[in-house]
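Chain naming follows the written order as A, B, C and D, and within any one chain the residues start at number 1.
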C-alpha cells in the first residue's frame, strides 16, 4: 500500500468543529473516552480519514466501533499494537469534495476492574478539510447496568464468560433510540451494579456513588491524571434521563451475604419465607431510588426522568415504582415517570444470559414510542442496516 | 337444502359435559352469556352441530364468534330473525365418528346501555354424541375497559362511531393469551369506565361498583330475572387476575366536570397548571386501586394479581403503581404486581382511536412472557391463523 | 328488537350505483355471486343497511364475509333459514347522514360438486340513500386452485376435512393485494384443479376448460338458468392477470392413474425412475400453459400476464416457466412473465395442509412489490386489522 | 498491556486440524483468502488466540470479520500497519481449558481492479492447544454478482460510492443460510458481472470466463505466484450450487454500447421499441446460462443446481428460466432448478442502491425453506444476534 502523502494531522485541540459524545473532560487533548458509547464525530471532504488514538489495557481490552454517515461500518478490539499510539482508518478511496460524517466510539463500559484500560483520541489525519457535524438538538442520558453496557448484544447464547467483547453500544437500545430520534445519547453504565447495591450484595457497587465525577468508575493514577475523578460540571443538559437500574438490586435478594472488606460489615438483602422481599431491605432500595432522583433533579432541573425496568424480569417493579412515586409526592415534581420495558423472550437472549439484539430492539421501540409521543419527535423508519 | 332429519336437541340442562366460559349463573337453562368472551364449548362426533340460542337487543346488537378446534371460524351480528330463538350452525358435512370441538362465544361487552341486549344458550342440535371438552387447568380473569372490550380490534382507523361491531374478543389480547397458554380466560369489561371514575368524570362509572353481582352491568327486568344482579359466588378460582384499568381515570383529568344527575354533585378530576395531576384527585384513584385490590384478594385468596396499563399511554402509571404498592405494603401481600404493557404504535391503531389487532398482539406477548415465566407454562407457538 | 319501520327495499335492478365485483351475468336481478370473492358494495348514508339475498346448498354451504369501510366485519355460513330468501344486516345504529361503504362477498369457490349451492343478491333495505362507491381504477384477475380458493386460511393445522369453511378470500393473498393497491380483484379458482389436469390425474379438471363461460364450474339446471354457462363477454379488462396454477398438475405425477369415466381412457402423469417428470407428460402441462396464455391474451389484449407459483413447493417451476417462455417466443408477446412466490414455512400452514394466513401474507408482499414497481402504484401501509 | 509470554506460533502448514473455507490453493502456507467469505476456523482451549496474516492493497482495501462460537464479533478494514505482516487478536482473557471456536474470514470479493489486494493466513499464536472444528457435512457453493458480494449490506441508503466497505458476507444471505443449516458456504462473486456480460455491455465481464482457475479474478504477478490462476481441482463437492446471476446481464440492455478495447468490437444488448429484449440478444444470455450449467455439471456431477434471481427485479426471469429449462431438456438432467427470490422492498435497501440486510434475510428464508425441505435438514432458529 502506498502511503497517502497528502495526509495532514489535526490535533483534537485544533478541532472545535469535532462533535464530542459522552461525558468526558471538556477541552482535553488527547480526549479520553471513558464511557460506553463515548466518541467523536467529524465531517470530512477528503478521500481518506484516519483517527489517531492512544490506548492500553491489562485484562479487559477496549472495543470500538465506527460509523459512516450514521451506519455501522466496523467493530474491533482495540489493542496497543506496536506502541500505544495507533491510527485507525475511518475511510479511504472515497470521492473527494463530498462531505462524509465519520464517527468513532467506545463499545465498552468504563472498566473499574482494569485501571490500564483507556482510549484517548489524539486527532485526525486527512487529505481534506474537517467540517462540523450537524448538531443533534435532542439529548438523552442513559444510566444503567450490564443491560445498558450492552452485555449480550454480541456473542452466542452458549457463551458465558464475563468479557469485554460481549458488551457493545453498537447493537444496544440506546443506539437504536439515537438513530430513530436523531438524538445525542450518553451512556453511564456498569454491569453488576445497582441503585442500592450490586448483584452480590456489595453495597459499594451502586451507581449513585460514582455518578458525580466525570467518570467515577475510572480509577488508578492514569485515569486520575486524565481527570476522571474531577467533579463533572453537568453543563450538557439532556431533555431526557433514562435510568435502567434495579436488575442487580433484585438479584442481591437471592445471593449470599457480602462481607464488605472495607468496613468488615456483612450485607444481605433478604427474602421472606414466602419469597417476597423483606420490607426493611426493599426500603433501602426504595430510599436509594428517591435519593438518586433527587440527585439527578439537582443536576438536570428540566429533564424528563424515566425510570425504566424489565428486560430481565419485573420482580423489583413494586420497589422501584414506589421510589419513583415517593419522589414525585415528596418533591412535588411530576416530571419523572416509571415505565416497564418488555422482558426478554427466551429466543431473544444473547450471550452471558443477557438480552440479545432482538430484545434491545423491542425495548427501544417502547421507549421511542414514548419519547416521540411526549416530545412530538419524528421517528426515522428503521432500515435493515444498523 | 334438505334438512338433516337425524338432528336431535339436547338442552343445556342435560349437558354437564358442556364447558362454560365466563361468569354466569351456574346451572341456568337457558344459560345467559353476559360478558365479552363468555361462551360454551362442546365436543361432538356427529356430522353436524347447531347451537340454539335466544337473543334480542334494542340499539346495541350482540356479536358472536365461533371456533372449531381452537381456530376462529365465524364472527357475526346476532339479531332475532323470525323470532328470538335462533339456531346457528357450528359445522356440517364433517366426518362422523371424529370428535370436533366447537366453541361459541360473545364478542360484545355487557351492555348497560341496552337492557334488551342478551344472548341465552338453549342447547345443541346434532346427529352425533356430545362429549366433554378437555379441561383447561390454567385460569385467568381479565378486568378492564374498552381495551379489554376489544374496541378497535375490528374496523378501519377512520371509523369513529361507538358501536358494538368494533368490539370483540376474537382478536383481543385475552384470546391471544388464552391460545398461547391453553388457558380459560374470563373477561369483565366496560368501555369508558375506570377504577375510580369514567372518562367523563362520571364517578358512577367505576368497575368495582358493579363487580360483585354476576353481571352488575346487565340491568333491567329481563336481566334481573336471569339472575344478573345476584351475588356472584366466586367459586371459579383463577390463578391470575389481570386488571387493565386506569385509561379512563386518566382521561377524566382532561374532561369537563360531570354533574351527577343522581346526587346533584358535580365531579371533576383536576390537572394543575403544570399539567400534573392534582394530588387530592390522584389520591382518589390510588385509593380506588387499593380498595379494588382488597376486594379482589377477598374473593381470590391465592390468585396472582397483575395491574397492567399502557396500551393508550402511560400517564397514570405513577398513580396506579402507587396504589398497587400501597396495597402490598398495607396488606403485606406481595402476590400482586404492576406491569406496563407497550403503548400502541401510530401504525397499530384500529377503529375509534383504539388499539388494533397488532397492538393487542404486542401487549399479549409481554403478558404471555410474564405468565409463562412465573408459572412455568409452555407457550404454544403462534401460527398465522387466529 | 323493534323493527326499523323506515327501511325501504331497493332491488338490484334499481341500483346502477352498486359496485359489482367478480365475474357474473351483467344486469341480472337477482345477481348471482358465482365465484370466490364475488360481491357487491354500496355507499349508504342511512343508520341501517341490510342486504337481501337468496341462497341454498346441499352438501357445501356457502360462506360470506362483510366489510365496512374496507375492513372485515363479519364472516359466516350462509344457510337458508326459514326460507331461501334472507336479509343480512350490514350495519345498524350508525350516524345517519354520514356515508358508509358496505361490502358483501362470497368466501367460497364456485362449487361444481354441489349444484344447489348459490348466493343471489336481490337488493338492499335501508332508511337512507344508496350511493355510488369510488371506482377502483386498477383491476386484477386471479386464476388459481385451492390456494386461490383460500383453502387453509381458516382452521387449525390439525383439521383435514375438505370443507367449505376452511376456504375464504377474506384472509387470502388476493384480498391483501386488493387492499394494499386499492384494486378490484376478481378470482377464478377451483381446488384440486390444474392447467392440464387435476391432482388425481383427472384430465377433465383443468381450469382452461371452464374458463370461457361466465362460471363454467356452476352446473345443473338452476345455475344454467342463472346464466352460468353463457359465454362471458370479457368487457371487464384487467391491467393484470395472475395465474397461480400448477400445484395440482405437479401432484398428479405422484398419484395413481385415473380412469376417465366419460371416455374409458386411463390417464397418468409419470415420474421417471430418478424422480424427474417423464418429458412427454411434462410436455402436456407445458402445452396447456402455452394454450391458456394464448386464450387469455385473446380475451385481454393489453393485460400483463403473471404466472406465479411456489406456495406449496417449486417442483413444477421448470415446466411452467418453459410454457411461459415458449408462449413469449412463439407469440412475440413479452407482456407475460413467470414469478415464483415463497413456499409456505412449516409454521405458516393452516388447515388441510394448505398455506395459512401468514403464508398468504408473504406471497402477497412479493406480488405487491412487483405490481407497485411495474405500475408505479402507491402501496397502502398494512395495518393490524385486516 | 503486558505481553502474554506463553503465546506460541503455529504455522498453517502445521495445522491439519484447521478448517479452511472457500476456494483456495490447497496446502499453501501462507494460505491465500481470495474470495468473499473465504476463511479459516480453529478450536482453541487457551486463554488467548491471535491469527497472523499478511496483507496489502492499493485502492481497494480488504475487510475481514471474526466470529466466536458462530457469532459475529468483529468487522474491520485490514490494512498493512507497520509492515505487511499483522497479528489480529481473536480472543483474550478467556477461561483456559474450555474450547472456543474462532473463525476469521474475508468480507471482500476478489478484487480484479486491485492486484495488490490480498490476505494470506500465516498461522496462529496461542497459549493453548489448537483443535479441530466439527466438520460441516452440508456444503453449498454460491456464485453471483454484487448481491452475492454483499454490496449494500453495510452503509446508509444515501451512500453511493462503489467501495470495499459496503460489501460483506457477515450480513449476507449466504451467511444466514450457513448458520441456519449448519453448512459450509463458499462464495464466488464479482460485482457488476453477469453470466453473459457485465452491467455495461462489457462481454469480458462474465463469471464463467473466470470460473475454472482457483481465483480467476485475482490477477497480477503476486496473485499469479500464489496460484490464483492455476486450475482449480474441484475436489470439494457441494450438495448444492446456487447461481445468482442475471441482474447485470439485465442492466446491459439499458446501457450504452461497450467498445471492447481488446478486440475493437462494440457490444450492445438491445431493447426493442416495446421495451422487450431483442430476441437475438436475449438468446446470448440464454446460451450462456446453458453453457455455464453444463460447465458446473461437469465439475459437480451430483450437486443440485439452483439458478436463483430476483433481489433487484425479475425482468430477466424469462431468459434465465429458459436457459435452465433448455439445459434440463437437452441434457436430460433434472437436478437443476430455477427459483425466484423476493425483490427488495423500498424500505429494505442498503447502500449503493443494493439490497440491505433485511432484504438478504428475506431471500435467505426462501432458500433455507427450499433446501431444508429438499434435503431434510433441521433449521436452526434465528436469534437476535447475527
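FYI, a residue touches a chain if its C-beta (ideal position, glycine included) is under 8 Å from a C-beta of that chain, and two chains touch if they have at least 3 such contacts.
The model shown is predicted, which means the values in this text are computed figures rather than measured ones.
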| item | value |
| --- | --- |
| Approximate Å spacing (C-alpha centroids) for the pair chain A, chain D | 36 |
| Mean-CA-position distance for chain B and chain A (Å) | 43 |
| Whole-Å separation of chain centres (CA-atom averages), chain B against chain D | 55 |
| Of all residues in chain B, the ones touching two or more other chains | none |
| Overall pattern in which the protein chains touch one another (line/ring/star/complete/other) | ring |
| Pairs of chains, among all present, that meet the touch criterion | A-B, A-D, B-C, C-D |
| Residues on chain C engaged by chain D in the complex (per definition of touch) | 274-277, 279, 310, 313-314, 317-318, 321-322, 324-325, 328-329, 334, 337-343, 345, 365-366, 369-370, 373 |
| Residues of chain D defined as touching chain A within the complex | 1-2, 56-61, 68-77, 79-82, 86-87, 89, 91-95, 116, 153-159, 161, 163-165, 171, 347-351, 356-361, 381, 383-386 |
